[in-house]
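Just so it is clear, A, B and C label the chains in written order, and each chain counts residues from 1 on its own.
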Amino acid sequence: MLTMTHLQKVYRTHLIETYALRDFSIRVNDGEFVAVTGPSGSGKTTFLNICGLLEEFTGGEYQLDGVNVRGLDDNARSRLRNEKIGFIFQSFNLIPDLNLFDNVDVPLRYRGFGAAERKQRIEESLTRVGLASRMKHYPSELSGGQQQRVAIARALAGSPRLLLADEPTGNLDSLMARGVMELLEEINRQGTTIVMVTHDPELAARAQRNVHVIDGQVTDFDAEPSLRPATSGDAAVAAIA
Amino acid sequence: MEIRPILSALMRSKVSMILIGLQVALTLAIVCNALFIIGQRLDRMQRPSGMNETDTFWLGSYGFGANYDAKAQQQADLVALRSMPGVVAATSTNSVPMSGGGWGEGLSLQPGQKNSTAQTTLYITGTQGLDAFGFKLVEGRDFRPEEFTFVKFGDQPHPQSIIVSKALADKLFPDSSAIGKQVYSEDKPTTIVGVIERAQQPWMDSDSIEYSTLLPMYMPYGNSTRYLVRAEPGRRDEVMKAVEQKLVEANPSRIVGKVKSIADIRRDAYAEDRAMAIILGAVIIALLAITALGIVGMASFWVAQRTKQIGTRRALGATKADILRYFQTENFIITTLGLIAGGVLAYAFSLWLMHAYQSPRLPWYYVPVGFIALWLLGQLAVLGPAMRASRVPPAVATRNV
Amino acid sequence: MFAYYLQLGLRSLKRNPILTALMVAGIALGIAASMTTLTVLHLMGSDPIPWKSDKLHYVQLDNWSPDEPARDDGSPPDQVTYQDAAALMKAAKADKQAAMFKLVLPVQPENKELKPFSSLIRATGSDFFGMFEPRFKYGATWNHDQDDAHERVVVLGNDINEKLFGGQDSTGRSVRLDGIDYRIVGVLDKWNLRSRYYDLTNGAFADPDEMFMPFTTAIDLKKRSSGNNSCWKSAGDGWDAYLTSDCVWLQMWVQLDSPQHLAQYKEFLDNYVNEQKKLGRFARPLNNRLLDVKEWMSDQKVVSRDMEVQTGLAFAFLAVCLVNTIGLLLAKFTRKSGEIGLRRALGASRREVFTQFLIESGVVGLTGGVIGLMLTGLGLLAVRALYTQYKTVAYLDWSMVATTIALAIAAALLAGLYPTWRACRVQPAAQLKV
């Protein structure tokens, strides 16, 4: 799905250079559910931004679904984001002035779908997250968990190949978090690749594979998804609930 | 583009939309009516007087003392003026167009007619009158030297023959030539011998501004006389300087003054119209500037307020152009709503002006032209903030603040 | 607490200099436009003699043609004939009365360094000075006996006394007008008339009168008015015919000190006209008017319609500026909702938040008002340049300065009210959790 090799990201001010990512290499296969963990300031978010084409990188190579991303212009990157990637943000980023229907509609508009197709996709994806009955409601009328479900619906509506989640449960209580997590697992089972950034080890444990980032470098791989103890995360979440 | 979602988003922040809309509405209403008033004033200022205005000037002579002979002095002054180098023609007259002061009189077709047929001004002129004014004779003839008479101060002028403006001739005799026809002033008959193309009255607000009559007479007003002088092209200012000296030398027992070019008379006559046009023009410019700045201010605020939202849209695949278009469409919608209200307001404003000041109705095309102008203004004003919005990096979406 | 809020307001305004400048400029421009026009309108239309404007009445008698009214709306002519003015002066039924007309005569100065010049003279009765109350610098008016004897006396205005006599007491000396010497009995102090309201027919904003002479003297010397003269039928030839004609060329004012006097004078006028009707004059129905100063000024449209339209537009302009400021304040205050939430959480009451933001609006208003005042000064300068005849009415006086500042602050507070109200509705909790 995506391959980063020797990726580098440097923030330059006129005095100092700060490496956010240094010689960063990773490969994510189609259909994988990868959790990227690491302490604050380790470069997780930079990785996610570059991964989702929200930021450019200063060195190395990045192949996304067979496309070499390096040197693409802003419009091409926007297009690629719109077609291939779905985003889930920690603070949901729903547009408060739009109702659920219109929120899910946003990426579809930029995709250029016709009205009928958009309507069908919006209804489908809202049904998938269980909020079809509240299409005319505004985000402020929903609970945090419900809002994140809408965000997921919005991410899914364009049938992306890759779902990027940035601390998707960070603003939720544990009960809601579990619901969202189950939804993500369900989506992954149906074939969508998911890369999730989190600093919560419990959550990371539920992914097929963990990547640990410290100081902008990958320090720890779970090479084999099957080695992961599948039950520990569930138990932890259950204990908190 | 995505009008419906933008509109429904706008409906969630009605106050800001109403404020900008209201501003646009008031601006349209004021600008349309102010422009219309300016147009009317400019039209008014364009009205031709019928006379040569570039080479002419007039002046007054006011004699004093018991021995002053106004009648003889008038003749002597005319001879002196006509002999000056650079003078084409000179005549005595009681008034000139646009000067604001003159003699009005009613003309009738029958003796003893109750209400006169037309109100005219009387220009009591000496020989060379047509030349000095520069009035164009279109029918009939100029006065003959023997037709000029002297009228004692305080007596009523009753000339044998008169020359009238074309507009007055047409009013008096709409179906036939006026030449040779008799008309009555205060029941005394007089004959029209000539028609001139155009001659305005001295009063700018007269209902009958085109109705003027020339009388072949010398009639000093007490000891005062006014002269109209026409100089050779390009020599007016030079002659104006020399003339006062010349007349005072001829007879020092008088005041020669109020030497004023007809061009200056026109400038003063329309000073209020010009002032109105300038003031309204300034109001229009200030208003458009304020409205544009208001749009810039509000749009900047909206951009700042929605930075996260813009970042999210970018993350979800919006291009820079999409973001630019979003803000432009939003501005277009608000402006349009304001303009619709403003169109109604503009006509209401015009109705009030019609009612309170008898102004003419606002022509229909002012409002659509105003629409286009304000659409453009709105788009230009929002361009800066919208560009700033389009430069919001998509990475803003993952920032948690 | 006020000082603290003031300090907060100033600091907040400094933090967003461009937005602040926009708001201040908006208020200043709106205020300047409306105050410039309002000042001119106010001075043009203001009561020139407030302490007695309801006691001074302008006499109008309808001696016009039986076939058509003097004016389209049916009102009587705006001046009176000589024979009526003379009869009313002679009857002297009012508390004070003054007939008058405008006269231009050449002045031949004693001082040979001065060239002869023409001068604007008001021919009127001695009551004029008691009615319109100009102050005398030297001497006094001529008296009724001198009126009756049509003596050759004059009262000089301040400016012409400066010109002819260097501002010295010239009473007792004489001035030569058109070959005749007139004895100076009085000199007026500076008389700052905004409008020459006692002769609106010849222009409210025309040049001021330079000297005054008895009406009877001017008539005796057969001086014709230099002002407006209207006839509905021929005056006939010669001076005597002119005096007995139905041409109107004089203004006639009476002072009536009580409503009873006014009623009595009305009755007197009606009787007078009815008497004249028997003599074959006054063919029209009884149509006498006795408007007071303010009514007469409004009848004669002293306030030009251009000025009214401009004032209307200027206030619409102010409205736009206010709407603009509301929008910008709203923007500014909404951005500060975090700060408001924090202050609320730290114990500020809704009222305190309200006060704080209203003071910030007030500061914008005060600044806008001060700049607006300066711009108003410039605006009035422009009005004086554009309308040369309005030089007496296009200046700021203290009441207008105060009005400007008050209007600016009121406007800014008004504009700030809604945004401030919105700001105080911020819930303390809403902005703090994240």
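To be clear about the criterion, a contact is a pair of C-beta atoms (placed from the backbone, for glycine too) under 8 Å apart; a residue touches a chain by one contact, two chains touch by 3 or more.
For clarity, every value in this text was computed on a predicted model and none was experimentally measured.
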| item | value |
| --- | --- |
| Chain at maximum distance from subunit B, centres defined as averaged CA atoms | A |
| Innermost chain, where centres are averages of C-alpha coordinates | B |
| Separation of subunit B from subunit C, taking each centre as the mean of its C-alpha atoms, in whole Å | 26 |
| Distance from subunit B to subunit A - Cα centre to Cα centre, in angstrom | 70 |
| Geometric centre distance via CA averages, subunit C-subunit A, whole Å | 76 |
| Sequence positions of subunit B contacting 2 or more other chains | 400 |
| Of all residues in subunit C, the ones touching two or more other chains | 434 |
| Junction residues of subunit A - those touching two or more other chains | 91 |
| Touch list for subunit B against partner subunit A, complex | 2, 5, 8-10, 12-13, 308-309, 311-322, 393-395, 397-398, 400 |
| Of subunit A, residues touching subunit B in the complex | 45, 48-49, 52-55, 74-75, 78-79, 81-83, 87, 89-91, 93, 95-99, 102, 105-107, 109-111, 138, 154, 158, 166-167, 170 |
| Interface residues, subunit B side, partner subunit C - complex | 15-16, 19-20, 22-23, 26-27, 29-30, 33-34, 37, 62-66, 114-115, 152, 154-156, 186, 221-223, 254-255, 257, 271-272, 274-276, 278-280, 283, 286-287, 290-291, 293-294, 297-298, 300-301, 304-305, 353, 356-357, 400-401 |
| Subunit B contact footprint on subunit C (complex, rising order) | 19, 22, 25-26, 29-30, 33, 67-68, 104-106, 108, 115-118, 178-179, 224, 233-239, 242, 304-306, 308-310, 313-314, 316-317, 319-321, 323-324, 326-328, 330-332, 334-335, 382-383, 386-388, 418, 422, 434 |
